[in-house]
Amino acid sequence: MSQLDQSGAVPAAAENAAPAVSLSGERVLRVIVPLVMLAALVGLWAWYVQAYNIPKYILPSPALVAQSLVNDWPILGAALLVTLKITFAALAIALVGGVVLAVLLVQSKWIELAISPYMVILQVTPIVAIAPLILIYAPSTQVALLVCAWIVAFFPVLSNTTQGLKSTDHNLLNLFELYGASPLQTLFLLKLPAALPYFLAGLRIAGGLALIAAVVAEFAAGSAGAGSGLAFRLLESQYRLNIPRLFAALLLLCATGVAIYGATSLISHLMLRRWHESAIRREN
Amino acid sequence: DEVSFGTNWLAQAEHGGFYQAVADGTYEKYGLKVTIVQGGPQAANRALMLAGKTQFFMAGNLLEPFSAAQEGIPLVEVAAIFQKEPQVLIAHPDTGIEKFEDLAKLPTIFMGKDGYASYFQWMKSAYPGFTDEQYKPYTFNPAPFLADKQSAQQGYITSEPFEIEKQGGFKPKLFLLADSGFDTYSTLIETTQDYLKSNPDVVKRFVEASIIGWYNYLYGDNKAANDLIKKDNPEMTDEQIAFSIATMKEYGIVDSGEAEKGGIGCLTKEHIESFYGKMVKAGVVKAGLDLAPVYSTEFVCKGVGKELKK
Amino acid sequence: MSSAVSMNAVAPSGKPIVRLEHVSKTFSNGTIALKDMSLTIGEGEFVSLLGPSGCGKSTALRIMAGLGDASTGRVEWPTMPHDASGKPEREIGFVFQEPTLMPWATVYKNVWLPLRLHGVSKAAARERVMSALEMVGLDKFADSYPRELSGGMKMRVSIARALVTRPRVLLMDEPFAALDEITRQKLNDDLLRLWEQFGWTVVFVTHSVFESVYLSSRIVVMAARPGRVIDEMEVDAPHPRGVAFRTSLEYGEFCRRASQSLLSAIGANDHL
Amino acid sequence: MSQLDQSGAVPAAAENAAPAVSLSGERVLRVIVPLVMLAALVGLWAWYVQAYNIPKYILPSPALVAQSLVNDWPILGAALLVTLKITFAALAIALVGGVVLAVLLVQSKWIELAISPYMVILQVTPIVAIAPLILIYAPSTQVALLVCAWIVAFFPVLSNTTQGLKSTDHNLLNLFELYGASPLQTLFLLKLPAALPYFLAGLRIAGGLALIAAVVAEFAAGSAGAGSGLAFRLLESQYRLNIPRLFAALLLLCATGVAIYGATSLISHLMLRRWHESAIRREN
Amino acid sequence: MSSAVSMNAVAPSGKPIVRLEHVSKTFSNGTIALKDMSLTIGEGEFVSLLGPSGCGKSTALRIMAGLGDASTGRVEWPTMPHDASGKPEREIGFVFQEPTLMPWATVYKNVWLPLRLHGVSKAAARERVMSALEMVGLDKFADSYPRELSGGMKMRVSIARALVTRPRVLLMDEPFAALDEITRQKLNDDLLRLWEQFGWTVVFVTHSVFESVYLSSRIVVMAARPGRVIDEMEVDAPHPRGVAFRTSLEYGEFCRRASQSLLSAIGANDHL
């Protein structure tokens, strides 16, 4: 029956050589463009501080910040580690919590009507206002911290995943129904993959938000001293008027945020590149 | 001259003298048109002063100028309205906490981050038994403290004790940090070194008028000032204001120690150096700082307005 | 596959396997897609639904399969086990009019799906998946993603997916419309062979009069506005059919009659 | 040529009657289900406070909160108004800013590479740390407030709209290219409508976030006293241990959040109900 | 519409309007869809591309239209104005193999699109849109959304969209595959009539040998793996064509030859 397969799937090594080269050229550009942009911005910053003679306690020069970053690394590095731990814990529970809730909400219109207002309430309640309650009822500071972080970070995952789950192609739903798929099978084999592009957009939001969550949670419920994270160091520097260190801490926070964003974007690309419009090149 | 003065919190009796000087025309008499810019949670009034948007700021305690000296920030303190910082630690009664040292026995102390970074470090060095494990963050809500008898919390002597007593229905134990050795000045008038250099005359007038304002507020007719406070902060009640003034007098917040001799606002080199020594010992600030640029005794301890005290 | 009853029943006889009784379907926007349609399909029959575009063939097929409830009327599967909601359980293969593939899954995984849903592991399914793919000529594309396929190839994957479970009943909605004539003819013959071999029941929507005559034991002609059955026609030529049948006079005559019927189905609306 | 139109598009009044009734029945349920849920939760809360004798400064009873809401309405209502103003301003600029940036990012890979890290930096920078800078450089407090609010709320809109814009069907892109559509036409007639489902999920997140943004901005840059919003009232009640009022303020905040969510969901439904899988009933 | 040259040129002569020169297309996954394909289409021709499923017909058509660059080789539109990127400007109508409708727009708005892109307002476009819809029999569905249409109806909307601009060149990728035979025949006749009337050039991908013979002035047969042209055939029957032609011996002969060619196109890969 090979009579019916008519197309060559033979990888054409020779023809592929050219695009491969230009692809790696693209890779290089992918690194260079952001670096050039970064250099330009830092240059602008340095120039501004220099030209307008901005005192260092208002806006320190990049050099000063870099120096403070190096000098204070023992303190800041340790704080970064603490913050990172909370961030990833927050991200993990936000993802799990968000997806599980989304699955629940999509099960039925009634559950959605009954529960979603409370999700919104969780989202909009200022942490600082309910931190005392959390502190009172949480068994440990660690738990309180995670509860706070979760409250801050889960909503985008929930909202996006919900929209994604609902956007499943009706024809495919019919197909699954027809073949007697169980609800779980439909969920795992159909709805969740279909929701991936939405979920991944939510993930990119949640990545940064988890970092914010870690900071906010630390403000509201965290520990200080040796075990304290970047948030504490930040406030402390502000309090101590050590503005270069404040900016160094800020810089670390930003770099972490960008790294997380890069990682989530990469994950997103890897998961979609074989099939989703948003990640494949338009070839025809 | 038009100047503005940034406070560190919402209008309250603790700022009374400044409002008094606005209300009764003392500033005007001194040729100043003063605008008071209220602070608030997370307000950035010091940054505004450093950026030249305001001229004066109300500094919380001496640690701030110490930091400024360390970081080379051109601040200068020109008067110390509060001789004692009104910071207290509050504990439940009947739990065996009788002396300040006893606080070390409690598993939990709710403190703000700045408290942790400043006086708690000093407590660890000055008294035995305090440990980092006791620290829990204070979110300006006393509920966690009320819920846990085995805890203490920070407070401002004029506000939290009042509320805790009202809500909790008991009279809490209060330990004024200043009386236990943490003897920083507080509510300092701060300006920038540049401003001081180019407008020493304005600074002098502002300081003196403020001091007179404080005397009048504490010992004279303060109704006009209180009305101004209530206008800026409609939540403020007469009851609260009266309580605050009484407490300030009872604990000698404003008018005690050096102020009794040199007048309100008095700050001295010896006092500052001695407190600096304690803080160095506690590891809160670096040793060997040159403190000279960050304070000036030029405008105070001259007995200005003492005659108004009754 | 086991309980097949008899071979190539040509007549509308045989035990009825599915029965539509006075089925109507009105969509929420007010379109009346079907009105009072009744149709009985016997076990082992090969029935074609023929009708103009938009007359409700797809709707009828979906309602038969239990997808989308009828607005009024009943659908019955007398001999099939039912689940709680009255839908016939399993053993139905369905080819949708559109390929309806999962874009995130390879061709292999798409075809594996019906088996997977019944708990067959990837390895255990291998032989059946590959032979279904081979039948539609796509065994070399098992690892491709749907977007890398041409229109006709996607449709063939969908056909392979319907065949992989060897279902007793096969509902197909214009499965071969996107295929060239040679491929189509081959698949026609394959389908007929399987139908005879396993005693399947097939309901087959098509636009092609020739195809319907070549394949079916019965042709049901539908008209639109509202969708309904206006003619039925038995194609009582013997099986197996082949080139001989396709070039016979008899075949031509059947085609002529079916075309006539279709024409009148369209004409039925002409005055509207 | 009417010979070719074969389907009836005549609305069948009679047949439709039944579903219409059940639809309005559904409408009633749509109101009842959340109300029942609300009643249950409030009941639980009241019972818990009563049964465990929770002092009112930890968790006041619903009745107390309601009473405080009524008594303090002059103060809280005014504060709510202030917060609402900031919220809607924040939402508006977050939407506009997010969409405009997304459009920019999608224009080219290079712009995306160069700019998106800075978007992330804006997202993760703790407002409290940069509020002084904003206050110094913003011409007025009002502007500073809006800048803060924008920083908090824009990212979900940006991230989602970007993903949506990228997910445009390639075949439709081909079609537009073929018919010589200008980039602007492609944007407005194709990419933006295609991105709608994503954008709307982002909108639902941004709605709540704008409220948070208003609160955060008020903390960081807002004026206090007479013109202050809910955030300030909240902190102040906390500070004064007026916990019933704190909860009343919280309640208002939550109600506002739920109302905004309801409104954005409604908008979302209205914009998608004719065509998108997520909003239409599965009929076949 | 204005600069049409001449009527019904049957020969591959006429000034060339589009020329593929040694075009190859390799997709990024390594599939060679086209290899060294050369083809010249003259102004006023009606050329059918015939070939097995997956042989690269759609790919060739898209490359002709300037969608997706060729990996090697050149595409030229000698007589058409070009934009900066070398794509022929406007005046092309394209029917994709899939309906490719905007789901958020009504049928009317979908058909209006090409006019709208050239700045024609909704009201000004009304007459042309409605007459295009009438031609495909969907004028009553102007306010429906695509999801409310049957498969064939969607495809007809897509055809109406391609016709609404009355383009000089029409590229159609299996436009009638989803239509029943009567509708299809009617549209075939409509298309031929328009072609003659306006002197259009049509490139038409189809799976149906009969259709290609009935419509074309030339048939190009392609084979797969890799996609290439293996045969060309002129259908030099006079126009207008009608039932007479479709029942003529000549027609049968053309069909036989085309089928033969298609068969050999498939056979060409048989040994692989």
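By letter and in written order, the chains are A, B, C, D and E; residue numbering begins at 1 in each of them.
As a working rule, a contact is a pair of C-beta atoms (placed from the backbone, for glycine too) under 8 Å apart; a residue touches a chain by one contact, two chains touch by 3 or more.
Which protein is which chain? UniProt says A, D = NitT/TauT family transport system permease protein.
No experiment lies behind these values; they were computed from the predicted model shown.
Touching chain C and chain D together: A, E. When C-beta pairs in contact are tallied for each pair of chains, A-D comes out on top.
For the pair chain A and chain E, the distance between mean C-alpha positions equals 47 Å.
Rounded to whole angstrom units, the spacing between the C-alpha centres of chain B and chain C is 86. The geometric centre of chain C is 29 Å away from that of chain E, both derived from CA atoms.
For chain A, residues that reach two or more other chains under the stated contact definition are 2-7, 9, 58, 128, 132-133, 136, 169, 174, 235, 276, 280, 282, 284.
Listed for chain B are residues 47, 51, 139, 141, 143, 147, each touching two or more other chains.
Contact of a single residue of chain E with at least two other chains is seen at positions 27, 29, 31, 52-54, 58, 62, 67-68, 98, 144, 150, 153, 183, 266. Each chain pair that touches appears in this list: A-B, A-C, A-D, A-E, B-D, C-D, C-E, D-E. Here chain E touches chain A in the complex through residues 24, 26-33, 52-56, 58-59, 62, 67-68, 71-72, 223-227, 266-267, 269-270, 272, going by the rule given at the top.
Considering their complex, residues 55-58, 75, 128, 131-133, 135-136, 219-226, 232, 235-236, 238-241, 243, 246 of chain D touch chain B. Of all the residues in chain D, the ones that touch chain C in their complex are 2-12, 15-16, 19, 281-284. Put simply, chain C touches chain A in their complex at residues 62, 65-68, 83, 87, 89-90, 92, 94, 96, 98, 100, 102-105, 113-114, 116-118, 134-141, 144-147, 150, 153, 156, 165, 183, 186.
If you check the complex, the residues on chain A that touch chain D are 29-30, 33-34, 36-38, 41, 58-59, 110, 113-118, 120-121, 123-126, 128-130, 132-133, 136, 155-156, 159-160, 162-164, 166-170, 173-174, 197-198, 200-202, 204-205, 208-209, 211-212, 215-216, 231, 234-235, 238, 246, 249-250, 253-254, 256-258, 261, 276-280, 282, 284.
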